[in-house]
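Shared between the two complexes below is chain A, which has chain B as its partner in the first and chain C in the second.
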Partner chain A sequence: MNHSIRILLKSPKFMIGTIVLVLMIAFVLIYPFINTKDPLEMMALAFQPPDSNLLLGSDNFGRDLFLELVYGIRTSMMVGLIAGVCATIIGLIFGLASGYMGGFVDNFLTAITNIFIVIPSFIILILISVSIDSRSSLVTALIIGITSWPWTARAVRAQTTSLRNRDHVNIAKISGHSTSRIILSEILPYIASYVVMAFVLQTASGILSEASISMLGLGPYNTISLGILMNWALVFEAPVAGAWWAFIPAAFSIAVITFSLYLMNTGMDEIFNPKIRS
Partner chain B sequence: MSAYSKYFIKKFCWYFLTLVIAVSLNFILPRLIDGNPVSIIVSQVSKGMTDSDTIKQVYDTFMKEFGLDKPMWTQFLIYIKNLFTGDLGTSFGLYPKKVTDILATAVPWTVGLQLPAILVGWILGNILGAVAAYKKGVFDKAIFPVALFVNSIPFFTLAIIMLYIFGLTLKWFPLSGGYDFQMIPQLSFEFIGSVIRHHTLPFLSIVLVTIGGQAIGMREMSIYELNSDYVLYSKLLGIRDRTVSRYVFKNAMLPQITGLALSLGTMIGGSLICEIVFSYPGIGTWLFTAIRQLDYPLISGCTLIIAVSVLLANFTLEIIYGIVDPRIKAAQMEDE
Partner chain C sequence: MSSNRESFMHGKQLTKVFGFGQQKVTAVQAVDFDFHRGEIISIVGESGSGKTTLAKMIMGLLKESSGTIEYKGKTRQLKRHAERKAYWKDIQAIFQDPFASFNMFHKVEKLLLDCIKLQGLQLTKDERFAKMKEACSFVNLKFEELYNKYPFELSGGQMQRLMIARIFMLHPKVLIADEPTSMVDACSRSTILDMLLKLRDENNMTIIFITHDVGLAYYISDTIYIMEKGKIVERGTAEEVILSPQHPYTKQLIADVPKIHEAWNLG
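Here is the complex of A and B:
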């Protein structure tokens, strides 16, 4: 494990992605301690352009957009992370169970996975969000998580199936180890790098899903996320008012976060998957 | 029975089952959460009205349509029966307009925007990805990060930025709608011109993001194929580079068809939100309006039609895939 981390540190793609992400997280965590104002406080006129006082101008309610952006990034990252963890855990359990056990369990779980890969998760996301009246950002994150696991499940199943009949697994079986121990010590270590990569991608897509669903007006309540900022900009016609500062920074932040996550993923892919090294 | 029709029937059964589940989810999810939201929403809708006769009329329409006074099973049967007769209910927000009528006006716009955009983006992305993998060097180093960045921009973000730059600042293209609002839809050059001008920006934003994602996938597939033994062997045999690259392209292309099938749902979802940014008169914009007005029958109609069309598109792609990929035929032959 230590060895692979050392190799990872030499991958420029992985490092750039990680550094950008870490700097961003550090900034949005520290900034609220420096500027302790409430992001929802109205302190200027509507759509004031950026100046030395308001770094990114004000929105339609006259709120400080820079402060809102910081809180928005925080919420969006948190939602993405929780959604990513949730999707990865469900996918991992489904994939391991169906790949390792085989037989009926495998057929059943694979059928479910295939069905939910085809039904757009976006639709299920809308249907559930419409029905839940008061959504916190945690609820939104969980909904995104439970609608986006099929990808991970399918990939983990494929890897587990190929590992199941390897010699070291058979030896562990003959030695009488319990199933849970075999999965933990003979299978998981081999697919760990893959799972981490899937988790990074799930987090990125979780952030994108949150932004899409909030854009539609189905985002979490009583909080600021990047998608909600975009939704406000659209509902209150910021583009028509020429207020680029109301949506370009939020849009750009989403792109930068997901870009650095994708970059990390590509960097890891090139190291753990030697076949695609160019 | 031939191997292919067996493949066809198997796929058909799977997609039919998936369709049944999608329709049931569309019915059951909003009704599962406590205090059947449909009935809550009906009472909310009638709140704004003052005329007691109208309230009663509206209330009766929806009670009858949803069968709220009956048990869940009967409600489901009513729902299915209505689906078969093409009746998706009456809109709350635009009462007494039928949901089917609203969707009928929206579908041509959405199909006209998304189908060409996704296809063009897919083809261009694949060519670009293959070229990047093949040429390597500077070309690859330039294309790859750009594609990765474009791919990490959500559809609507690019749309909103393009709207701001080309619509508002440069004023090259109109800001919203499907055609100039003072025009009457007709078959004249002027009207078609207006449709095309309104079409350009949403079209481009979908194409660009699709290119990004597809180029990355194709590049990876091509690099994988380029490193495989048959390429090395062909090169050692002295087969010309152009012939080898044709083999590589063909082999890398096949998984990309499956890739398109799998990412279709996400793409269509993204493009729907893109429509909202441009207030394009398609399903996405109606969905946006419906959500803001809590127009439950319209929301449900939109999600249903999207789910069904994604399933149909996927099914079509799998059928094509079965014809194109010889391995599928071979696998079916072995089963016999």
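Here is the complex of A and C:
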């Protein structure tokens, strides 16, 4: 395991992605301690352009957009992370169960997975969001998580099916190990790198999904996220007012976060996929 | 040779069918067998003849579609985990590919430590080391050289010998060896075969040897079963089957063995 981490550190793609992401997380976590103002406090006129006082200008309510952006990145990352964890865990459980058990369980779980793949998850996402009255960012994250697991489940199932018939798994079986122990020590380590990669992608797509549904006005209430910033810019016609600072920084942040996550993913792929490594 | 040994494992009309409907494949069809204690049985057939499937059914890794296996006078039951665990105390296996037989995330001594656990022995650290050392020296390996190493740091021959060390520690009543020598070099091959013979002699172990190599089967076994397309087409003592084959498929298999001193007719 240490070996893999050492190779990871040598991958420029992985390192760039990680450094950008870590700096960003550190900044958005530390900044609210430096600037302790409430991000929803009105402190200037509407749509003031950026200056030395307001780094990214003000929005339609005259609020400090830079501070809002910091809080927005925090919420978006948290939503993405929770959605990623949720989707990865569901996908992992479904994939492992159907791949390892085979037979009827496999057919049943694959059918469910296929149904979820066929129905566009974004529409389910919208429908669930509409039908729930009080959406916190946690609820939004969970909704994204439970609509985006099928691809992880499929990939994990495919890997597990091929691992299930390996001889080391057979040796573990005839050594009398329990099923849970076989899955934990004979299957999971082999797919761990893959699962980590899937988790990174799920987090990135969680952030994008949150931004998309918030743009539609179906995002979480009582909080600021990158999608909500863009939604406000849209609703209060920032583009018409020429206030590019109201939406470009938010869109740019989404791009930077997801791009650094994708960079990390491709970096990992190069390390974990021996074909590419050689 | 086998007539005076007790017969203790029977297969009755064992059948394994994969898939259903139009994709149905009968891998093993109505196979009967009779294994005796201390006997070496070879199941010989070409790739796809169903010998590995049969072996996996005997191991209890694949559920038979129909038919039964009688073990020690009782019909084998493997529904509950405890039943399987008890069965696997007696029946063990070595597989074809030593590289695939090891979990590459575990150090090699874990394999041997698991054997001590499977037997339910409570040993001190020194006793465990002594046991593992003994097993390694049985297969001509130095435990000190293997300790704390990962499988990919070993050669194929070393890995396969470690698998035999595992069998030595578990001393099962039945060992199923599924082409254990097909992926190691000729030198390691004879050592591995000799170790298997030694295991049989010391522990009165029944060895079921799965191979496609008729010559090897003749060299090592007491009884030979010839398998073609999922069926046993001929069975008998090694001498009977190899020296006076009856079934055309057996004759074909024997004729196909390349001979060193004769030009090989590939036509």
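We take it that the second predicted complex is superposed on the first by the 275 of 278 C-alpha atoms of A that agree within 3 Å, B and C clash if a C-alpha of one lies under 4 Å from a C-alpha of the other, contacts with A are read in each partner's own complex, and residues count from 1 in each chain.
To be clear about the criterion, a residue touches a chain if its C-beta (ideal position, glycine included) is under 8 Å from a C-beta of that chain, and two chains touch if they have at least 3 such contacts.
What you see is a predicted model; the values in this text were computed from it and never measured.
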First, second, both or neither for A:Thr110, with chain B first and chain C second: neither
Contacts of A:Ser185 with chain B and chain C, given as first, second, both or neither: second
Which superposed partner A:Leu263 touches (first chain B, second chain C, both, neither): first
Between chain B and chain C, more extensive residue contact with chain A: B
Partner chain in contact with A:Arg166 - chain B first, chain C second, else both or neither: second
Touching partner for A:Ile248 - first (chain B), second (chain C), both, neither: first
Chain B versus chain C as contact partner of A:Ile174, first or second or both or neither: second
Common interface residues of chain A - those touching chain B in one complex and chain C in the other: none
Contact footprint of chain C on chain A as seen in their complex: 1, 166-168, 170-178, 185-186, 189-190
Footprint of chain B on chain A - complex, ascending: 114-115, 117-124, 126-128, 130-133, 204, 208, 211-212, 215-218, 230, 233-234, 239-240, 242, 244, 247-248, 251, 254-255, 258-259, 261-263, 266, 275-276, 278
Chain C - residues contacting chain A, complex: 56, 59-61, 81, 84-85, 88-89, 91-93, 95-97, 100-103, 105-106, 111, 114-115, 118
Chain B residues touching chain A - in the complex, by the definition given at the top: 14-15, 17-18, 21-22, 25-26, 29-33, 37, 133, 136, 140, 148-149, 151-154, 156-157, 160-161, 163-164, 167-168, 175, 220, 223-224, 227, 262, 264-266, 268-270, 273, 276-277, 287-288, 291-292, 296, 299-300, 303, 306-307, 310-311, 314
